[in-house]
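Structures incoming, each one as structure tokens.
Presented sequentially are two complexes of chain A, the first with chain B as partner and the second with chain C.
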Partner chain A sequence: MKKRKIREFLREWDEGNFDFTMETMGDLHQGPEDPGRLPPPDWKNQPLRKAEASEVKAFRALYPVLSVLLLVSVIGFLLITVLQLPPFNSADTPANTSEVIERYVAKGLTETGAVNIVAGIILDYRAFDTLGESHVLFTAVVAVMILLLLPEEEKENREEYRILHSDLILKNTARLLVPFILMFGVYIILNGHLGPGGGFSGGAVIGGGLILYAASFDRRRLQKVLNMNTYRLIVLAALSFYSLAKCNSFFCGANGLETIFTTGTPGAIFSAGLILPLNIAVGIVVSCTMYGFYAIFTRGRI
Partner chain B sequence: MSFCVNFPLFLIVLSLLFSVISSVLHKKAARVLSLVLSGLSAAANFVLFLYVMKSGENVTYLMGHFPHPWGNELRIGLLEALFSAAFSLILFLTLLGGKAPLLTRVEERKGQFYYCMCDLIQASLLSLVYTNDLFTGYVFIEICTIASCGILMIRENGKTILASVRYMIFSLIGSGLFLLGVILLYDITGHLLMPNLKESVREIAACGSYRLPLLASMSLIIIGLSVKSGLCPFHLWMADTYGAAIPTSSGILSGLISKGYIFLLIKIIFDVFGTEVFYASGVHNVLYALGALGIIAGSVAAMRENNILRMSAYSSAAQIGYIYMGLGLSPVLGMEASLFHILVHAFTKPPLFLAAGLLSDSMGGAKKFRNLQGAGYVNPAAGAAFSFEAFSMIGLPLTMGFISKYLFGIAAFESTHHKMIPTLLVLAVSTVLNTLYFARTILRIYNREISPNHGEKVTVRSEKLYLLSALAFVLLNLFFGTAAKPFIDILAEGIAHF
Partner chain C sequence: MLSILWNNRIQVVAVVLFAVGLTTLLLHKNLLKKIIGLNIMDTASYLFLTSLGFIEGRLSPIVSGGNTDPALYVNPLPAGLVLTGIVVSVSVTAVILALSMRLYRRYRTLNLDEIYRMVHREQEEED
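Right, the complex of A and B next:
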């Protein structure tokens, strides 16, 4: 008797009559997914369906309780951990006394030629990380393009355009500010190895300036200079230069060869070997990327 | 030092470069670049592997002019070279055979972005495997995360977008926890490079100060990476993700990306925490239990599915469970079984997903078993490939799956008796469950009554590239499944030299 029951159960299962899956996204069916499907079996009198309903009910009731419990315990654990960490701001923590920091501080200037030790660390000592980091931005832009890129420019809505671009205050402020913002950004990039700054921060400032310009004036003005094609070429050139230059210095470093890039006199604008050109490359990528995000998010094109 | 130790650097830079170039090219050219890149990478890593095997020692490769603890480094060892070669080869074969599903599902003008993302995945897999620096690991985890979301959501329908949002949330939680762990570790040691970290961790474990932060950082790193690779309580994103993605992407995501994270985790266990500290902390018992739970939960969930792609996805969850169970089982034999199982799953899942996708395409896009009836006759090549890979997942002799189950069995017998019986039980139960749900699928697709929604019969000629890739996967599987002994010895040697 029991055997037959099991057999029956297996047969039903094999035919796919039990749909106990919780297809959370079942309603979002798009496109021809399951054409010619057989008529759905009768769910009403299935005991398993009830089981599922009670499962969902239990889930709804337990979820808030359990998630709060989990979060509270994780927070508690991390707080206790933090209490046992080395005290913040004291001089003799492991991180502050290790040989790593010592050499960065003592020899950073002579070894990298950069007065700004942070620039020396991220673009010389730990340049491989930064190479990856600048490609993170590129990856993000491509991902946004996959999601939001529109096929071609639709016809502009004149009326909407007139309303958007008739703000005198915005226009005049932008006219006044944008040159200075761009110049300041360039200064931060070029000064990256001499003082606080560098490609990432300067690029962000330039990107902000470009966004302000694009927001207050006719977008086609900026598009004459910076459109999809030029954007791709600029990023291509900057990132390829970055990769190849760093490949050269990694290769030389690993094989014990001399590089052609010398550290020069610390403090001079043309010094610190590759750091200045790399900062420029990073700055270009970051500024175009910031603007690119804005452009793609607002109208699906650069 | 031979010239070939420069290969990882060249390959990483080349893949970054190719990805940037691909983004401005046409789809076809980008595809060629990707194929060239992964093929080249497989060949170069294989040469490197032979070199390391001959010389018998690990090479530390400076990324710049400064050695550890100051500058970035790569470490080239036996396992690193072997796994990079395998991953690149799998990426090559998956892309080679996975063209057809892409044609219909990716918008024409966005095709090049897919290959751009694949190049980035290649770069990050290489870096994750070779890195000797914990923070470099994090940077390339980030690239890998975004790129995998990219290849997931490029099929733009509601389901996929929702699935990729879900995947992204899980994945970002994983990266965040990993980063927190790295920060804690830096705070108590002051280092980021693995050799120095290992030394400091040993000191901390010996002297007893900062013991809790060490444990916290270890758990955060491990939880972070296991969320990203889909260990049991965190495996629920898998079904929606792999079920909704393009089959090619599902193959890459489940076969390669999760394996890259797991390899990084194994490397961290060996090179950052050290096996003594790790196995003394008790964290491995948690991994063992979750792994075993994942095997059962994944298999049961796979049995409940009526959708071929979602079923394969849950079967992935079970396979990930095997890998973690081995990690927790024992430091040498269990680890060996885990490493072998990484390769088993990486060589088996991508062709399985590709075949499932093609079967579903040949039935007019049906995914439910009921509508897939007879699909094996409509598309004979995909049907045969699916059956073979299913056999490998079940673990029939002559396939890789058999060897890994055998290794898990051996490791169970050698481990403490608390773990022996549960391991053997889990192995037995999961094999039965695997057989049940795969046998059911195979019987369905070879049913004589072909369901009425079938498309045109697919001839072998029309899919030469797919056939090539499926055949290569089958042959490689048979090769590793029959000539496994030297291979296992290499793994053992690699673990000894890790």
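Right, the complex of A and C next:
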């Protein structure tokens, strides 16, 4: 019984109930017309006017020459700079012997509690920088939304849906892989202060898993959990938690107060003060952002 | 001079990658290829930064056994800087791609020359 079902499904899939003609694919990739005045369709074929033609000709003649000149000079200067650099692999260069780096490595463990020195740097010593980074990501999503977001009541493109969601191999691979990808991403985020990893890399892995899921299954399943409203809520919560946590450490640090976030024993999972919660916040922002980029670019809404 | 270049070959590769990216950015007319060139330039700068912090034979900056001797680990600072760079480049790429999608929807082409021509015509018609 089951076997026959599978065979039927395979035959249906093999015979191709959808066609990959240029027409359907073209519709899929062109997207809706931009509101506003469209140029007349024959513009590309109209001859150039005289003044315009000479202008364009001069530009076309000069542009490659100037850019090659610029390229040659830039490469020349860069290579001369490489000649002046200290030899590769040397430990006594100014970049490797500066006081800051010695301080980071020698005291990072006791001051931040993070075994991973890089995590200690980016989420404790320079956490303000990372806060800015998270806001850069958020701002990028907002900009992409402004440019590409479609109204919610846009009717569904059945053809697009059928093309995107009928691949047997993709579906079964995703069914097998997605749980492990998500689990690995969570592990990378939670392990950020103990070893290689952190919010950015783990968030990117989770985002990749979400994208694989959304690309292979019915997107409405994921939309029930992660739609525009939950996206707003989650990212806002993560960013404001980060900001408030940093406010707390700035306030306590400036006034010489004891924070409630202690460094704990290095190497334990609940250690390193704020680094673990901040890693989780960054991971949430990054994963939601990656999935948001995919969703907005493919169908114009999250 | 050649021996210096050979010793610093990773930085030389970074410079070459940067040049490849800049060439793509300047000499191609297709907007997508320009974006790819910009990303190659980003990658070149990451390679350069990480190569500055690398010292052979030292461990990655993850403290093992409570040993915090700075002479034991590679420079951790470039890793943090590159992380910032990667995040910013992802955001910039997304915004540029969104902008070029809007351009494509308006003018039905990604060729910059043709877009220039159409914009020129449009302005003439408005005057």
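Just so we're on the same page, the second predicted complex is superposed on the first by the 238 of 302 C-alpha atoms of A that agree within 3 Å, B and C clash if a C-alpha of one lies under 4 Å from a C-alpha of the other, contacts with A are read in each partner's own complex, and residues count from 1 in each chain.
We take it that a residue touches a chain if its C-beta (ideal position, glycine included) is under 8 Å from a C-beta of that chain, and two chains touch if they have at least 3 such contacts.
Computed from a prediction, not measured in an experiment: that's the story for all the values here.
Of the two partner chains placed by the overlay, chain B and chain C both lie in contact with A:I101. Of the two partner chains, chain C is the only one that A:A91 touches; chain B does not reach it.
In the superposed pair of complexes, A:V115 makes contact with chain C only, with no contact to chain B.
In the superposed model, A:F128 makes contact with chain B only, not with chain C. Once chain A of one complex is fitted onto chain A of the other, the partner contacts of A:S73 are absent, as it touches neither chain B nor chain C. When both complexes are overlaid on chain A, the residue A:A143 reaches chain B and chain C alike.
Once the two complexes are laid over each other on the shared chain, residue contacts for A:T298 go to neither chain B nor chain C. Contacts of A:T265 after superposition: neither chain B nor chain C is touched. In the superposed model, A:S54 makes contact with neither chain B nor chain C. The residues of chain A shared by its contacts with chain B and with chain C are 30-34, 36, 38, 78, 85, 93, 95-96, 100-101, 104, 126, 129, 133, 136, 139-140, 143, 147. Across the interface of their complex, chain C is touched by residues 30-34, 36, 38-39, 43-44, 48, 52, 56, 60, 64, 67, 70-71, 74-75, 78-79, 82-83, 85, 87-91, 93, 95-96, 100-102, 104-110, 115-118, 121-122, 126, 129-130, 133, 136-137, 139-141, 143-144, 147-148, 195-196, 198, 200, 266, 286, 293, 296-297 of chain A. Residue ranges on chain B touching chain A, taken from their complex, read 1, 5-6, 9-10, 13, 16-17, 19-21, 23-24, 61-66, 69-72, 109-110, 113, 116-117, 120, 123, 127, 133, 135-136, 139-140, 142-143, 146-147, 149-150, 153-154, 156-159, 162-163, 184, 186-192, 200, 210, 212-213, 216, 240, 244, 303-307, 310, 364-371, 440, 443-444, 451-453. Against chain A, the residues of chain C that register as touching in their complex are 1, 4-5, 7-12, 15, 18-19, 22-23, 26-27, 51-56, 58, 60-63, 66, 68-71, 73, 75-77, 79-80, 83-84, 86-88, 90-92, 94-95, 97-99, 101-102, 104-109, 113-114, 117-118, 120-122. Chain A makes touch with chain B in their complex at residues 13-16, 18-21, 23-25, 28-38, 77-78, 80-81, 84-86, 93-101, 103-104, 111, 124-129, 131-133, 135-136, 138-140, 142-143, 145-147, 149, 151, 232-233, 235-236, 239-240, 243-244, 246-247, 249-255, 259.
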